[in-house]
């Protein structure tokens, strides 16, 4: 058993972390912080957890890194970008393992951080020490890391389907397009007009076109996989569901196929690449037959569904993925990293 | 005033036609047919129209082409594909103008029809006589036609933003990608498990990948505009809203631009092409400034919203459109064609 | 033609007034005010109206009662309670007709206003001059009034089904229960956490139990109808739809009926009372046969649907109503009052 | 460990049973039946469970009572009413414990069954042997029973808040009103037009007024609690959420209170009755302070939330409850009964 804490536990990702950690067999939730709710119990702030024995006892506190360093072995930061570093530094110095759900430590380059997040990086020295917490790609590195930068929701939905194909040199690194549809919880628990029920319900809309912040980490990771700089097209859309991301990827095979037979031959290579990468992964589901991803099949789980089709008419490879933006896209993946670095079963508390 | 009839008025498109025609200043709704509801009044079947004076008087009848030819000057066919021809032939022979909302007369080629719809075309002779009822492109031809093939919902959302760019030779005809998101009414009023509330709510999913039937008419029309055969990538998704289609198009400019300045210069050509095509169109709205299309701004209207962005990072042109699949994507557009061929104001009954 | 203005046109009721008045055959929308959007055009703030010719020309202004009194013959106030009086006084003095959608002039008693709204009434002298704008009940009085207090959304859904039964002495004035379900637009366009998409979607909840503010006007009006003081039970609930109120009323018949035959006999009296009250009303729909109210049949219309059932098992009368909270429950009803007091057809701009 | 089976596992309740039993620490899911899906694996039919190790191995079979009696110790029947008896008789004879989720064994009286379900009871002899599986009320009886009739969803939401007050003689048995709002999964996974997405979304409607079938078991159980025959008013409504029931109860206190002080004094008795009944219940949550029930706080859990308000204006007691219709209202409650009769921790597999 290890003691864990959550800093910034009152947003949607924080709430999901609470859910997962309250029920985790090896982790004990020792502290939760929130400026807004300090003094209230978990049960008061999140009635849906109220019947959990611990929820009536544990109270939100004001965030205090020094205190947290004494209370917890592992600290999850569920804070806005730009703020996480302020806690990460003293917590790391205090001997804690830090799993950060913000964007602050996901990039290797402070310059790219500044380009995309419009302010100087608050702790550039830590960038080299942080490990990008995508377990299916960096499992071994995560085991040895004290600072995990848990990936963004869109990046997870794009990287998992794309990296195995890039590594296997089956698709061209140029010209990748990712078209993503996200539930509204992705915007966070913020009192803004744009995210009111009546503004989102019966509405479908793109946003952040053409340069969304998540591009920075997506492209950095794809470049590592391809061994060459990768620039992609990424269009996020807001969809009236609470949770879930559906991503459709348009990819260019390295081979030309003129007909269905050619497509089938190339398809065997794609299938083999995916099987090699994910057949034994507990949280990636390669769909078979006619099945296509559907967010309702992954919501509430840490699973990313993947399916693909080759189009002999266009010569293109279409890959589709579905995940829960708050679980595999945020808090579930963070817990998965914790399980790995603690040497626990990777699925602990996640099935 | 002209007398109009609707064959197959009990589906979602038929219901929307009823709404529009009940309130049309020049058209008198003289007959509505439905096998399922024959004998019932409009008010009984569609309570939302019940306070319209005509709704209590007009009763659904069994469809009978000979009778309809005597009752109406203009007949709208809101039937499944493969069935419309059976009514179109006797109605045309009887002197009626026919506006067909099915796919039956949208293609010039009976062979392509058979490839995509999996049965022989029921009346291939009529294909040459039918006019594709996209008013912004074929206004003059519609005026002279007795048989209008009203476009599909996805095709409208793709063709309106793409054709002016192809005609102006601003984008390459190859490599076009259309990623579309549709409300559930697009699936029709069918008692199938897939479209139950609990199967669609809190769900986002692709379908019909990679060869949806609408590709046939999209590609035929794009080929006409480009003057060369066009093959596109098209991915439809089902989204939990009643109405609305949001399409995101990925297009390749004919010019290369290396930076924001180059993009701005090319952007002026795009803006000019759109203004030339649509500045005076009553039902196309070119968005300005930071605005992006949102289905909630067009639902219930015959408007198609269009916005575009050039991405200097990728050199690509992103165009987004939003429409109501049942209005501009079906019944509103059909009424717009009627207005044109009758010489009425094009916006009659549509604003 | 008369010139009309809207003060506070940027909320949901204000937006609905804009929609109705832009398309009204006798009214010309001369001014719209909004502190937040002053300087912007209607087309910019409400893209869904952008294709209306006037929407590109008309700009929001800062509210200024003296100026409005010169610009408009009729002024609609779509403001929060407590603020409307500030505009009503100078507008009335300036010769305008004022139609107020807030709660400020709905009550005869300033003391009850203070009890329910927790502040002193800002213009108690005007209470006697204001007419409660429920056309089906006060049509003649509305014709003669210069200050209309347009009813609240819940009150309309409760008063229309109840008043005819009280007036006909068919139900007891004591023990009335109204259980109401409202769409989220009823909460207004306010950036509050409680009304975020993720807080309302997949949620059903009561609120304001047991003393909601609307009780004050409901009980005052029911007391007038009954000729005796009436106190009712009222429970509002928030439901994840944009628009619509469904109210279920539990009423005690004055007659006891022991079985189905007795119920049928009493039912004829109920039916007769409703027919006498509403058979000729354009905006009340008495459902027949097995039909029950459904908000989807009234959304976007000025219609209130009513159905009732006698329960021989309990001796109780159940009455159900459905309306659009923003149309018959707010802006449509206000336009209906305008039509009446201007001597225009009552349905002008509303069908 | 015991072996369990589910007959009729392809509906929404059956799917929820699968979810709970796959993750139950003491139960091993040995068989699932479905005529429609026989031969397919759980993973194929329910992709959301596909990553559970057992889901790829376990296949749906045709239902066969004799075989099931050999495969399982405990059999859950998730079948339509009228069909369950056909399986219950041979399973009981074969030595199995049967937990039936249908209405077939919930009533003591075959005559009332016939009145409400419109066909003769298929196995009236079993009615005396069956125990109504509402654990908070019948925990001791459930321990000794071989045939559990698990309560309906609406009944659970009404009985839990009402029975303690009737038993404590705090409310009058006459005049009870229950107004309930249910998510669409309550209608089952049936391909009917009424439950299509577009027919339910943006719709709120009552149905089954005034004599819904669930009245039979509600009134029987309330009569047991009151010691006198009870007839209630019950109005169900369909609400556009997947899951959840919100019930508002209008109750008459046995004491008259004239003011807030009187209400407070009586309120202490109400609070005491609820505490006595539920303070130690793991699946009933008595809300405190200003909190009111909200279905989003119970969805996915086996918890029923309860809050109440006394209205000094009307002298009435308002009680509100929220539950997940598929968990506490169906499958979770059935598992809770299994836990009790097996002597396992009552919360096993349910938190």
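Letters A, B, C and D mark the chains as written, and numbering starts fresh at 1 in each.
We take it that a residue touches a chain if its C-beta (ideal position, glycine included) is under 8 Å from a C-beta of that chain, and two chains touch if they have at least 3 such contacts.
Small disclaimer: the values here were computed from a predicted structure and weren't measured.
> Applying the touch definition from the top, give me the chains sitting in contact with each of subunit C and subunit D.
Common contact partners of subunit C and subunit D, which must touch each of the two, are A, B.
> Looking only at C-beta pairs that count as contacts, which pair of chains has more of them, A-C or A-B?
Here the pair linked by more C-beta pairs in contact is A-B.
> Of all chains present, which has the mean Cα position farthest from that of subunit D?
Result for max centroid distance from subunit D is chain B.
> I'd like to verify one number: the distance from the centre of subunit A to the centre of subunit D, where each centre is the average of its C-alpha atoms, in whole angstrom.
37
> Taking each chain's centre as its mean C-alpha position, how far apart are subunit A and subunit C in Å?
It comes to 46 Å between the two C-alpha centres.
> Between subunit A and subunit B, what distance separates the C-alpha centroids? Give it in angstrom.
Comparing mean C-alpha positions, subunit B is 38 Å from subunit A.
> Residues of subunit C that contact two or more other chains, please.
Residues 183, 199, 201-202, 240-242, 294, 296, 299 of subunit C each touch two or more of the other chains.
> Can you tell me which positions in subunit A touch subunit D when the two form their complex?
Listed in rising order, the residues of subunit A that touch subunit D are 23, 47-48, 50-52, 202, 282-283, 285, 287, 291, 294, 296-301, 303, 305, 351.
> Can you name the residues of subunit D that touch subunit B in the complex?
12, 183-185, 189-193, 195-202, 240-242
> Could you pull out which subunit C residues touch subunit D in their complex?
Result: residues 177, 179, 181, 183, 199, 201-207, 209-211, 231-233, 235, 237, 239-244, 246, 248, 250, 292-296, 299, 309-311, 313-314, 316, 318, 320, 322 of subunit C touch subunit D.
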